[in-house]
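My questions will all concern the structure given below.
We just call them A, B and C in the order they show up, numbering each chain from 1.
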Amino acid sequence: MLDIRVHTRQAPLPWWGSCLILFSAVFFSLAMSAGLLALQGKPPLEGMLLFLQSGFGSSWAIEDCLAKAVPIFLCSLGVAITFRLQIWNIGAEGQYALGAVGATWAALTFPNLPGYLLLPCMLMSATVLGGLWGLIPALLKIKLQVNEIIVTLMLNYIGILVLEYMVYGPWKDPSSFGMPMTPEFSAAGIVGFIGETRLNWGLFLCLGIGILVTIFLKYTRYGFALKACGENPRAARYARLPYNGLVVMVLVFSGALAGWAGFLEASSSLNRLEPSIMAGYGYTAIVVAWLARLNPLAIAIASFLLAGLRVGVEGIQLDLQVPAAFGGVMEGLILLTILAGSFFQHYTLSLKQSHTSEKTNQ
Amino acid sequence: MTPEIIIPLLAATIQSGTPILYATLGEIITEKSGVLNLGVEGMMLCGAFGGFLVAMYTGNPLLGFLGGGLFGAMMGAIHGLVCLTFQGNQVVSGLALTILGTGLANYWGTPFVGQTAPGFAPFSFPLLGSLPGIGPIAFKHDALIYISYILPLAVWFVLRHTRFGLALRSVGEYPEAASAAGIHIKRYRWTGILTGGFLIGLGGAYLSLAYTHLWTNGITAGRGWIAVALVIFAFWKPGRAVFGAYLFGGVMAFQFRLQAMGTHIPSSLLMMLPYALTILVLVLSSLRGRHTQAPGALGVNIEPAD
Amino acid sequence: MRKIVLFLLGLALFCAGTNTAVAKDLKVGLVYIGHIGDAGWTYAHEMGRLAIAEMPGVTTSYVEAVAEGADSERVIQNMARKGYGLIFTTSFGYMDPTLKVAKRFPNVIFMHCSGFKTAKNVGNYFGRMYQARYLSGMVAGAMTTSNKIGYVAAFPIPEVIRGINAFTLGALAVNPKAQVNVVWTKTWYDPATEKEGGKSLLETGCDVITQHQDTPGVQEAAEEAGKYSIGYNSDMSRFAPKAHLTAPVWKWGPFYQTIVKAVQNGTWKTGAYWPGLESGIVDLAPFGPMVPKNVQDTVLAKKQEIAQGAFKVFAGPIKDQSGTVKILAGTVASDGELLGMDWFVQGVQGSTK
């Protein structure tokens, strides 16, 4: 009989080993996706090449991916920090909505301000409202011990409805023929594109905040406290680490970052607020944060790759006419195989022929 | 408010709460064994599709219902494979499962959209159905709702009063101690995931076989997420899960009837009701000193023995 | 970045070249908001695509389930890059993205459905569904005995509000005591919620219900309660054989064919295309057997009148819910007024928010 045994790796896996595991996991899932295509009578190899080419194979594709990665990165960075403290914040979606509402409020209230005043003003109000949507679960958690998963989840739905109420009601553009959209922001309220690209200046905002967060986590006392509290909240309280303060801080910070993403999408991509701004970035962010093991640089890379995945799937759809749901299947398969593959980073397997003689020896 | 309004409202409450109730009970069992599963939405959708598919091909709604449960359990098996066998992170695995399940159900389901399958029809329960008041509210439904009346009791009894339930809870609460007592942790967690997945799949199948009799892509429309939230809301107790599911279903049904009667409140505000009320109830029960008690080892993987 | 721009320009020129040189070969792309199998809005457009796919020289493709906003801009842009000469964008939220991409690809022709903006190479189009709604309202008004009619509606946008108003006017024309109760579901696509909306209307006394939704959930609710229903999008009678009276339906095929032909011949012009019953883009599904012959005849006669232009649905005087005259006697609502309709006519119960 074959007997599979699991051993913990004695030495940590070298970096190329991790890469090998990652690549084989991705390869495995792509092969499965190709198999699904073949089942549908579509050319499997061509499909996968098309996917890679439309996702990553041209300067446009890279541009598209970067543009799509910006909101995912911001939301993900925020939730990653709450996860470090073991606060299960799944409310980035609602915080993103509120951020967009905040930015829109500023843009519609002060349309005549020059850009150098209006944009910071929009950023501020996005921060405040997004942060508020993080503050509510934080206060409920530390004052009343109410579970944050449920509060953040419910606040997602409420946040989206707040946004809808505003665009269907008070903020509806009188010249939009009654359609649910606010008036276009004044030119000063629009975050522009970098040069001739379709990338907005928010990319630099991401870069800046990414570096700041890295420094914060690595080199400050609070960054350390965050890690310690996350690993063992009870011990942290004994050590007089400010657990409650940290809960408020991370949730507000996470809300603010998601709010920034909402601000950038409203200002740069849509130039106004409308319900279509909600694209599920808040949920994607959670997956990205975990895949990246809560590490800022890895989050940036994972956001980019996930964006590429989504962009690439559109390419297969257009050229091969596969259903949109195929994208979901591929994404799910890739995530699950990567996850299962990470097992081999910590463990090895060995096959042993188990003989009856061995058993008697034992 | 006259009885003509209230009785149908309460009946509708039970109906719209039932799919969520099935899924919530399933998730309670899974989480009691220490496995966090955020894939309920995807599993439910697969259950809805599987149930529809089986009922359509066999012509037997009951087989369809069980088929839905089986599809849910199969999705659960993927979660088990990733989290129990390969030690993957339970949060990501669950979210990936939602993405995969939604994708699979819609991918395979597209050719079947708009078709109908034999489903369950309401009937008056013998004797009980003719009771005044309670009869039209609770006993003029389909068979799956009658099953859902017994289910929470059964789950509660098994978890609380059987050796199996005790072992399952101990695996979720103190895996080290359970292991020391000779309980096979993985076996219990697999059982928790598969039975939970089965019930979640049944919840999905309820939507495509009883609530409506047709399959459309994305028929669950977020109900799986509500179930995830209700588990916490219910403090992992089957009895409170019934309360939560009916509260949620009831408020949803109520806001529609408010609209139907010609109110002028904007519908966005009315739609916030169920979500806001869920938070409110949670805050109130917390004020009364009742706190959530998650299973101790929820979401924590058990390292394989060397 | 200059390289990209040059490349784009080159590609645009290339597209232009192929378009003028061989006018017959045309790649047509469609962008869908939902899934092609939704039995509703997207399905109706997909039928239109299949109709143009048969035309000589035409190849077609589509991308489904495209979110409005930034995602749609990328999808439309990629279609333009890949040499599609005519692109139909079939949801309101694609309006601004379509215009933005159109600016970058001046030689590609875009047709946007259900919006109100045009550009040199962007036309918009829609069908006068409200005309068919009016007819279905007449059927509902004639068939109700409680004089309460229910309407399950998705979102309070002008397209939907216009439909509710036309339906109500139709019902009032044959039954002055009729009243239309509206329930908003805030979803296009959720059979269980839509069914719940339908049931709530039936329980509050409505005996005919209709829908502006993409699934047959409402039809099921009526069938189970033994009441009547009116479908939408396509003939939904197979979901509710005993309840389904009729349905206002979309038929995009012939319209799409004329547009494609015009583009192939180089005769396409920008503008707002808004055909109605006369062109067959909107129609009424066959009546159910329970609709009496005299009702059918009245409705069909009215259909004839509308198609010939002898009768206008929104001809004044028309009052809003509060009794204020919105469309003066002797005038007919302009297309602009219709496109921006955000008030309910008298006889509707419910809020437009």
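Heads up, the rule we're going with is that a contact is a pair of C-beta atoms (placed from the backbone, for glycine too) under 8 Å apart; a residue touches a chain by one contact, two chains touch by 3 or more.
These numbers come from a predicted model, not from an experiment.
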| item | value |
| --- | --- |
| Chain contact graph, described as a line, ring, star, complete graph or other shape | complete |
| Top-ranked pair of chains - ranking by C-beta pairs in contact | A-B |
| Euclidean distance of C-alpha centroids - chain B vs chain C, Å | 36 |
| Approximate Å spacing (C-alpha centroids) for the pair chain A, chain B | 27 |
| Touching two or more other chains - residues of chain C | 35-36, 156, 186, 353 |
| Multi-chain contact residues (two or more partners), chain B | 106, 110, 217, 266, 268, 271 |
| Chain A: positions in contact with at least two other chains | 164-165, 168-169, 323-325 |
| Chain B-touching residues of chain A, taken from the complex the two chains share | 6-8, 36, 88, 140, 144-147, 149-151, 153-155, 157-158, 161-162, 164-165, 168-169, 283, 286-287, 290-291, 323-333, 335-336, 339-343, 346-347 |
| Complex contacts: residues of chain B adjacent to chain A | 42, 78, 81-82, 85-89, 91-93, 95-97, 99-107, 110, 217, 225, 228-229, 232-233, 266, 268-269, 271-272, 275-276, 278-279, 282-283, 286-287, 291-292, 294, 303-306 |
| Contact set on chain C toward chain A in their complex | 1-5, 29, 35-36, 61-75, 78-79, 81-82, 92-93, 96, 116, 155-158, 161, 186, 336, 339-342, 353 |
| Residue ranges of chain A in contact with chain C within the complex | 54, 59-60, 63-64, 67-68, 164-165, 168-169, 176-180, 195-197, 265, 269-271, 274-277, 279, 311, 314-315, 317-319, 321, 323-325 |
| For the chain B and chain C complex, residues of the former touching the latter | 5, 8-9, 12, 16, 19, 106, 110-114, 116, 122, 207, 211-214, 216-219, 221, 252-253, 256-257, 259-268, 271 |
